[in-house]
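Labels run A, B, C and D following the written order; every chain starts at residue 1.
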Amino acid sequence: MMAGTENQQGFTPNEIMTIAASRALRGSDVCFVGIGAPSAACNVARLTHAPDITLIYESGTIGTAPDVLPLSIGDGELCETAVTTVSVPEMFRYWLQGGRITIGFLGAAQLDRFGNINTTVIGDYDHPKTRLPGGGGAPEIATSAQEIYITMAQSKRGMVEKIDFFTSFGHGTGGDDRAKLGIDTKGPTLLITDLAIWKPDPVTKEFTVVSLHPGVTREKVQETCGWTVKFADRLEETPAPAALELKTLRDLKARTDAAHSGKAAPAANRGSKDG
Amino acid sequence: MMAGTENQQGFTPNEIMTIAASRALRGSDVCFVGIGAPSAACNVARLTHAPDITLIYESGTIGTAPDVLPLSIGDGELCETAVTTVSVPEMFRYWLQGGRITIGFLGAAQLDRFGNINTTVIGDYDHPKTRLPGGGGAPEIATSAQEIYITMAQSKRGMVEKIDFFTSFGHGTGGDDRAKLGIDTKGPTLLITDLAIWKPDPVTKEFTVVSLHPGVTREKVQETCGWTVKFADRLEETPAPAALELKTLRDLKARTDAAHSGKAAPAANRGSKDG
Amino acid sequence: MAQFMPLSQAVAENLRNGDVAAFEGFTHLIPTAAAHEAIRQGFRDLTLVRMTPDVVYDQMIGMGMAKKVIFSYAGNPGVGLLRRMRDAIENGWPNRIEVEEHSHAAMANAYEAGAAGLPCAIFRGYRGAGLAEVNPNIRSIVCPFTGEKLAAVPSVRPDVSFVHAQKADRKGNVLVEGIIGIQKEAVLAARRAVVTVEEVVDDFKGLHPNLTILPSWTITAISVVPGGAHPSYTHGYYARDNASYIEWDEIAADRDRFRAWMQANVLDASPEDFAARVASLRAA
Amino acid sequence: MAQFMPLSQAVAENLRNGDVAAFEGFTHLIPTAAAHEAIRQGFRDLTLVRMTPDVVYDQMIGMGMAKKVIFSYAGNPGVGLLRRMRDAIENGWPNRIEVEEHSHAAMANAYEAGAAGLPCAIFRGYRGAGLAEVNPNIRSIVCPFTGEKLAAVPSVRPDVSFVHAQKADRKGNVLVEGIIGIQKEAVLAARRAVVTVEEVVDDFKGLHPNLTILPSWTITAISVVPGGAHPSYTHGYYARDNASYIEWDEIAADRDRFRAWMQANVLDASPEDFAARVASLRAA
């Protein structure tokens, strides 16, 4: 898989994807974070330019500041470092549905050009070729968070003309489909892949490449995408990772690998062991 | 007011009312407690024959064991001695509506023979002669608790032919009125006044005197009641308070008076003052 | 992100004439200092929301600030009736007020739904209850699975909520503990939230992870007012002043005595006066 | 009132063939020991409810115990797919299972409504989502105040719920802390509730008043099983065994290897084995 291969410029496609995503975040953001690239991006942002960013994981941990990336959305580290930890019903009612999330991160097994996402099944729902994990929090993150950022590695299998199942709603068939359904949040406003940065066209809502990562060509973007790619008139080049960004990300990953490969000791107890 | 006057037998009408109510409670009961006589009755039960009884106050305190009676349903003492203290929405959703309360205590400004209660207004709702506090928790206690016990001092003003407002539903116009509304709890099963113990007729659901407190006559019960009183064929006499019951109640009241008249120091802190 | 500021500024910047305002606290942690500041600043035409409009709403109503009251239990807890609120409802003094009356279950669910961003709350309630006949905001829905009819009420979404809490950290996160009542929901349901606290601590390190903490970014303004809940209490700081509640019954019984008391104890007073009021109620 | 008893007895007395059963735990505090005991006792035709049917449901489904699964996210957290559950859905091995699939928001609300004694939950959800088209238990109501269409799902009311918690006191009150997930709702929504705990302490004196404590009378049975959440973790006792989750991906990839692993580690094992499994994961 290419994501792990360092290119000539000294960073991997996965690293530029993660760092580009981290740059899109501000200190005032309240992020609903998933595992994987979103978690890495949010924590790099927190450790570099956005120290005041609020990270929320759906396990109920609000305002976490983990030292290593969690393997699951309910790792103990998230609770240990959180401002507060609430129940799962409260998380989905007061914090997500309550409209308090500015940025929801979503990944996709299949994505279409309008930011609609499938993580449910490949094939027919009742007789699936591959049964995927399903939506989890995504169906409501997609409509309750003020904006959605999507991260994924590009592939023809993943970026498709037509998704097999609408796990979570992006811009539907484009245009004002969200408004027609009574959804008043912005939906997907940013797609960051291992090759490029995409934004929805203001009118059609089709994802359009606005920036190519260093060394990436238009052809390479098209080869790894299942639909005919639109490029912005003014196509930019994503700035290469700064030394601090790269060091922060790699240190985080190294700490994470060390913690998860061995049998890590539990973090300091903040519970009531001696109560 | 007669409630405070000790009679020849060495106890007041209010004391026999409270003690008779306490006797109706078992250790397995989970009581939703109001302020006043119910609170005294529940705590006398806890301190005498029913040490395992669970007392819940609507402020969110579950399994409390106060040393003095609270002046309000949210006194600090209730929280200090509770098994746990939950939010008010949780109290009404999980604990009351969830069907976990076996006995709900209600008082009444006006009561009719079918256990319907008014604590809202005297006179017309929109132009009341007297604006009373209103229902608080009562409308749902009346229908969600498995049974309702009512305590009140008898008077022609309080026990009336027709209440001015249906704050909380008892047996409606009697019979199976509750079932007709889809209510599957028992409603008022016991009325304990300063003069007598009443139970609903199994068929008509009209409150019927089943036991007269010591020294009380049928005439006295009728004189202080606004409807024509029915008496059970086998009318019993309420056993006089036992020495332990009376001592427990009076000690509780003495501790309470001492605590509320002076400026009591706060109870020991179980919070996070030093956090 | 919460801003620390004097209470006079917090009230001036966040309360407006005509607002739907909640000063919440379920017996514990009543934001009396904030209510008194609102009285001093003379706001008008307020819709006052509260499950238990006790002494502070009796005072605000008596001062003519309320156009409407949304509530579920209007008593002086453990003492009796609210005489100023009665006078307004029964006699229109100092002005007539509109009343929207609910049960506790309805109000609790309505705040919860407000915090949850929903337009309404559903619950099993009001069966056989007279309020359902006099309050047009008590409606129903039918469960699409069982056919059961359930009560529905509109969610509570105040323009501004005022609550009192134990403490804030320097970042503006706020801890509420003890009888937590409806405080969290009142803050999260509101467009703006003002919190008075007993004290500010450096940080909340070492606190149990599951306590009720309102993150800084859910709060508009924080003011430090020691004793600010008096005559209510603050768990861990000072006890309830039961004598004051009993005394209020007499003060509120007479219009002139009420006015004189308000002049001396509210209009001519300041948030700084609260500390002295609780001095004798603090733990030794 | 909760009864203390061995886990084998607690499972035998409270789980029945055909039950709707929830073994809950949101990453933290997963009741693995209870699930393994249920596997040993060989129950059949279960409707398994869980937001995140991870490794333990993969095991129960692979052993042919499930008739139906009600869930919202069927993954091995942080690792990948659930291969035994996939095999059942895709290939009917060892038996076909019925699937009722929801979102997390729907399941969380459904448990909450179950704990609250309601027949259904309403929330703002499933807008534009495909699940609403394939799951007939996703319906809607219309807000009687705003006209907004809101999603409705039936409440979850298991015949029995199993959860793991930190500790009980001698009276049978249970403390849950850290990532509390949906544990409280799972217990309160169920007809019967079985709790495994790390330890029993004399009493809960000195605990903060607002912690998540399940009173004894809300619980049917309590069994002391140190390490009983492994490979999940118990906050304050031992860490998550991430390596085991990663290893599971290989074990579950092959039917024979799965069977052999289950024989050695579940069928031929007992609740007492859990303590040793977490020994190296405990704080020094």
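By our rule, contacts are C-beta pairs under 8 Å (C-beta built on N, C-alpha and C of every residue); 3 or more make two chains touch, one makes a residue touch a chain.
In this text the structure is predicted, and so the values were computed from the model without any measurement.
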{"item": "Any chain that touches subunit D and subunit C", "value": "A, B"}
{"item": "Chain centre separation (subunit A, subunit D; CA means) in Å", "value": "27"}
{"item": "Rounded Å distance between subunit A and subunit B, as computed from the means of their C-alpha atoms", "value": "56"}
{"item": "Centre-of-Cα separation between subunit D and subunit B, whole angstrom", "value": "40"}
{"item": "Two or more partner chains touched - positions in subunit C", "value": "112, 116-118, 123-124, 148, 177-178, 180, 184-185, 204, 206-212"}
{"item": "For subunit A, residues contacting two or more additional chains", "value": "79, 85-86, 93, 97, 144, 270-272"}
{"item": "Chain contact graph, described as a line, ring, star, complete graph or other shape", "value": "other"}
{"item": "Every chain pair in contact, whichever chains are involved", "value": "A-C, A-D, B-C, B-D, C-D"}
{"item": "List of subunit D residues in touch with subunit B within their complex", "value": "1, 112, 115-118, 173, 184-185, 188, 204, 206-213, 215, 217-218"}
{"item": "Of subunit D, residues touching subunit A in the complex", "value": "26-28, 51-52, 71-75, 77-79, 81-82, 85-86, 89-90, 101, 103-105, 108-109, 111-112, 123-131, 134, 148-149, 166, 175, 177-182, 184-185, 201, 204-208, 211-212, 233, 235-243, 245, 280-284"}
{"item": "Subunit D contact footprint on subunit C (complex, rising order)", "value": "116-120, 122-124, 137, 139-146, 148, 150, 152, 154, 177-178, 180, 208-212"}
{"item": "Residues of subunit B defined as touching subunit C within the complex", "value": "35, 58-61, 70-76, 78-79, 85-89, 91-93, 96-97, 120, 125-126, 128-140, 142-144, 165-169, 172, 177-178, 181-183, 260-261, 263-267, 269-273, 275"}
{"item": "Touch list for subunit B against partner subunit D, complex", "value": "28, 30, 52, 54, 62-63, 79-80, 82-86, 93-94, 97-100, 144, 270-272"}
